[in-house]
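One chain, subunit A, appears in both complexes that follow, with subunit B as partner in the first and subunit C in the second.
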Partner chain A sequence: MAKRVKFKLNGREIEAEEGRLVIDAAKDVGVEIPHYCYHPALGNPGNCRMCVVEVAGAPKPQISCRTAVREGLDVQSDSAAAKRAQASALELHLVNHPLDCPVCDQSGECGLQDYYMKIGQYQSQVRENKQHKDKRVEAGPHVMLDQERCILCTRCTRFVENVTKTYELGVFRRGHAERVELTPGKVLDNDYSGNVVDICPVGALTDRDFRYKVRVWYLDKTDSVCPGCSRGCAVSVHTNTKRPWHNDGKRVARLKPRYNPEINGHWMCDEGRYGFGSLDRDRLGRVLRLAPREEELSWDAACAAIASELRGGAVAFVASGMLSNEDWSAAKTLFAGAKFYFTPEPDQIGAEDALLKRKEKVPNLKAAEALGLKSGSFDELAADLDAGRVRVLYVVERDLGRIWGEERAKTLVSRAACGVFQGPNACAVSEAFRYRLPATAYVEESGRFTNFEGKVSKYEKALEPIGSAKPDWEIFDAIRAALETSGKGAAA
Partner chain B sequence: MTKILTKHFDEATLHELATYERLGGYQGLKKALAMAPADVTAEVVKSNLRGLGGAGFPTGAKWGTVPPTDKVPGPRYVVVNCDESEPGCFKDRVLVTRAPHQLIEGLLIAAHAVGARQTFIFIRGEYQNQYDVLARAVAEAAAAGHAKHASIDLMRGAGAYISGLDTALLETMEGKKAWPRQPPPFPTVAGLMGQPTVVNNVETLSMLPFILREGGEAFAKIGSAKNGGTVVFSVSGHVEKPGVYEVPMGTKLRDVLALAGGVRGGRKLKCVIPGGTSMPPLMEKDLDLALDFDAIRAAGTFLGAGGMIVLDETADAVEVAHNIERFLAHESCGQCTPCREGSFWNEEILHRMLHGKATAEDAPNLARIGENITGKVICALGDTVGMVTRAYLQRFPEDFKKRVSSNG
Partner chain C sequence: MAMTVRVVERPRRPFGTQIYLVEVWKGLAVTFRHFFVNMARHAMIALGLKGVTPGSVTIQYPEDPAVLGKRARTRHRLLKRDDGAPRCTACLLCETICPAKCIRITAEDAPDVLVEKRAKTFSIDLGMCIFCGYCVEACPVDAIHMDANDVEIAAYGRKDMIWDMPELLGDKKKCSSR
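Moving on, here comes the complex of A and B:
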């Protein structure tokens, strides 16, 4: 434990860990000192000179990202002199900045704009022509680079040096001709490339997937958890509902990592970041009985019908790690006595690395394990179906076609006397079931995922469900209620 | 006048080992090697030797900040800063060409004092001839058995002015972009490859053979208070006899000018840049200033590396400021924003002023910009960017005013 010491910030006495950077200690007590180059995960090169503060006894202004807290330190971050120094640093940042905010995708979340409103607001004295550099560099599949907007804070180059160790970006040339460029022969296509967009304080690095789709001030931000793998990175879901005609009509505009020191730190992988594309594809919104002929049912009617099917026993429950803790818990109760199948098949297994990516590409197998649920193998299930030993096949958010192949899956599903498919999206095989129930996607419900280390994270509801979709656990509970009103539990 | 470094410059073959040894060379090293390292440092402290690369930091005190091996284990290094790039400075070039062994002897003494087994001479890339002379001298010294306690390797710069700054020099040596580091830690604690490293200038190290041979007190006696020994000025500009002149610390500016033959053609003196273009100029009223680090500092400028540029009445302050700012903008490493953008901005404004487009706001704006740069940057180059134009503005406001009124 480091020693706690007292120091003064803007005349206020504050206690902090000895040696903690003043910029961090100030943030801890709600004082934001302007900065561009400093990033807690990428170090403090001290090149932007924005975080200048007055330190009593120091002959000249100090930068708070390189000043350590010590007993009796007396810091002024909002004195006239400190503010003037911060404003002048900002002015110098803007000497060669193109000020093309109206066409810049960073507008609304730009460090230059934010600090100009906060500490700048001066009349420009620049009468000279600005430097011209490359404005449209395709840095990689996900990232565009505009060298003119760049303020050379080196966050991105430090990210590819220290975090991914892939070195695709560097600062080349010298002085005012200096620019961030691709390392000769390299393309910014590492598995974490999207993070450079997040850490870029200005519009120099923008997201090719997101740019020009919707202005950021129209977006709503909701705390969520990435369902892309069993890491369960904390993310923020940025949704576009205020301007539905923007963003090609898609409701989710982008995912951004959310700082969580226990799970993902500041980062997320590109696979998770850009993995939301299929979220609204082939959405299920109606409660349907598909056979013998298609017919829309009320939730009550569907639950009663399914309850009576379940009463006959010989139930196989197929799910995946997409279920929330709440879903797993409700499923365990409803399907007590049924056989469970959720083990990840090759379609849910992918690459993993030492940074964040895990090989199980579903978020929540751990909760099933914690509840003591055991999964049978899908080969076993296929054999049971084939032999007519399964009467009710209940599938939640799992495309059997990706396990058995579309044709075989359809045939096997038809062997069960009654098939129930439940999920947010239709799949190739979902037409082969008798009942099809619409469930909410993770962004339309709140719940919890338990990651591979057993850490539980909550995700919040970001969007309204489509049609009459309900969370899986609510459907399970409604079926259980239907079972109980008829006085009998689901049989084995 | 007493000379130390240039005393034997009349010897045509001083660069050869035999001549150097005949004139008492390597006696200081011999004496140093017989002493305990701490005693060598004590002798240098006694000498009042100051860092002659520009900063004027007491050399003995600098060595004293190298931590003991039980605190910071691993190798120690000594690096010679021979990246002489300051416009107006050319004394290291002469010292290396004429007396390479004097430097090598000094380097080997320093290595013994700080416990370095490896030393490096970082020489600017443009100094091809000097490199050849040094390479030959190093081989000679090694063959004669002088470098048994420490190796000497030569490294060549790639042309960046900023590499002459100690921490940028170390970055360059590590194969990186020449971006200055921000102390602390200082190089003597964490320098080359993170190990304690003493970076000393050519002239500083060249003084050591004398100090060890004749004693620190003898050296201190030559100079002024707290400024031991001599200093080598590179005198250029509007003088009759530009060249390298060695004088004791504390010599009057008037006398240095006299050595160089005075202002050319009997013209009136405008100002004297004392230490290389980065330093604000001294004025005619300063002619009786006794030149040493502290006196020049008190007069509002710096001794720097002794690159003395004399300007006569025909010089125009706007042209001079533009010339210097253009150089600084070209050589700014680009790491920190105030210097990178400020040097560009200054140069552009001054360029516009030179081309008949000055406005009344330009001078106050230049002063304001300068104030916003100096003291708010990573290294001394940035401080200079903000300092130079302001110095000329303050000393020669009429030259700037003239530009505005001449617009018509």
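Moving on, here comes the complex of A and C:
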């Protein structure tokens, strides 16, 4: 444990660890010092000169991202001299910046705009023409590069050097021709390429997926958890609901990583970031009895009907790791005597890496394990269904067609006396069930996921449910209430 | 928002006002004053007198065209660049500032790299527009003006009040479906 020392920031006495960077120590007490190149995860090359502060005794302004805290240090970050130095640094950054904010996707969340409004607001003194470089360079499948907007903070090149170690980007040429470019022969297509868009403080690196879809000031931001794999990265869901004609009518515009030092740090993978596309595809919104003829039911009627089916026993409960902790515990109570099947088959297994990605492509298998639930194998379930040993097949958010193949899954589902499908999206075999219940997607409910390390994170409700969809746990509880009111006790 | 009821006291009118006769004569006095003053002005001008304030004229609208001030704020139009492409870069500042939320724009990549972005669709619902002119002020590329000098925008249905991009550019004539 480093020694705690006292130093002065803007005349205020502050205690911090000796050797901590002044910029960090200031942030700890709520003083934001403007900066571009410094990033807590990528180091402090000190090339942007935006974080200059006045240090008593030093003849010139010092950069706070390379000044260590020591006893008796006296720092001024908002004195007239410090602000003038910061404004001058900003002015130099804007010399060759094209100022094309109206067409730039970054505007609204741009470091140049923010600091210009905060500390700039000078009259431009530049009479020379701006340097022209390449615009609209497709750096990779997800990232668009505009060299003119770049301020050469080198955050992106440090990211590909230190975090992914793939070296796709570099700073080339010299003087005013200096620019960020792709390393010859390389394309920015690593599994974490989307992160360079987040760390770029200006509009030089923008998201191709999000390009010209919505202006950022229309978006609502909700804290959530990425359901892409069992890592459970903290994310922010950006939704567009106020102006539905944007974003091609889709409600979720983008996912951004949220800083969580215990789980994902600052990053998230591209698979999770761009994996929300199927969220609103083939959504279920009505409570239906599909057989013998299609008929819409009220929730009460459907729960009562399903409860009476469950009373007969021989229940198989198929789920996936998409269930929240709350859903799992409600399911455990409702299906106390049933057989559970939730083990990830090849459809939910994918690539794994040392950084974040995990091979189970569902967020919450750990909660089932923590509740002591054991999963049978799907081969076993297929055999049981084939032999007619399963009376009620209750499937939640799992596409059996992707495990057994569509035709076989449909045949097997029809062997059960009663099939219930519950989930947010329709799938290939969801028509083969007798009851089809609409459930909310993870962005339409709040709940908790337990990641593979056992860390529990909460996700918040970002959108309204579609139709009469309800969270899974509410449906389980309603069926349980229907079972209890008829006085027959628990199922199976 | 919850509905609230506020009881307002009726204004009390004195007897003289209530019988109307006095008020009617007061009104007629105004009418006749205008009539005679105007007639005198027209007569003086007809006699060739200089320096007389011109008398008021009734315009026979719609038979005669409406006369608008040079800087009258009228229907929107979208402007084009020298090469004929729309000036609009789809920055959505007009859509953002619009208090009536009557502007809808979707964007796409422009073929010219230096332009970068252009409007794919651009529509204004004149039925919702309050003609405040904020869109003109917000535009950073001078792409939208409210100087079409067109006040005859009435239509037979709400949908016909929505003008799309070719119509606002003047490439297509707006015609209302009946």
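List of remarks:
What we mean here is this: the second predicted complex is superposed on the first by the 490 of 492 C-alpha atoms of A that agree within 3 Å, B and C clash if a C-alpha of one lies under 4 Å from a C-alpha of the other, contacts with A are read in each partner's own complex, and residues count from 1 in each chain.
Simple rule for what comes next: contacts are C-beta pairs under 8 Å (C-beta built on N, C-alpha and C of every residue); 3 or more make two chains touch, one makes a residue touch a chain.
Note that the structure is predicted; figures quoted are calculated from it, not measured.
In the three-chain model built by superposing on subunit A, subunit B and subunit C fit together without any clash.
Of the two partner chains placed around the shared chain by superposition, subunit B is the only one that A:R49 touches, whereas subunit C remains out of contact. Contacts of A:K3 after superposition: neither subunit B nor subunit C is touched.
When both complexes are overlaid on chain A, the residue A:H246 reaches subunit C alone and has no touch with subunit B. A count of residues in subunit A touched by subunit B and by subunit C gives the higher number to B. By the touch criterion defined above, A:W217 reaches subunit C but does not reach subunit B. Smallest inter-chain Cα distance, subunit B versus subunit C, after superposition on the shared chain: 22 Å. If you check the complex, the residues on subunit A that touch subunit B are 45-49, 52, 60-61, 66, 85, 88-89, 91-93, 95-96, 125-129, 131, 151-152, 171, 173-178. Contact residues on subunit A toward subunit C in their complex (touch as defined above): 100-103, 135-136, 211-212, 215, 217-218, 243, 245-246.
Subunit B contributes residues 160, 177, 182, 329-338, 340-345, 348-349, 352, 359, 361, 365, 368, 372-373, 375-378 to its touches with subunit A in the complex. Residues 89-93, 95-96, 101, 104, 106-109, 113-117, 140-141 of subunit C are the ones touching subunit A in the complex.
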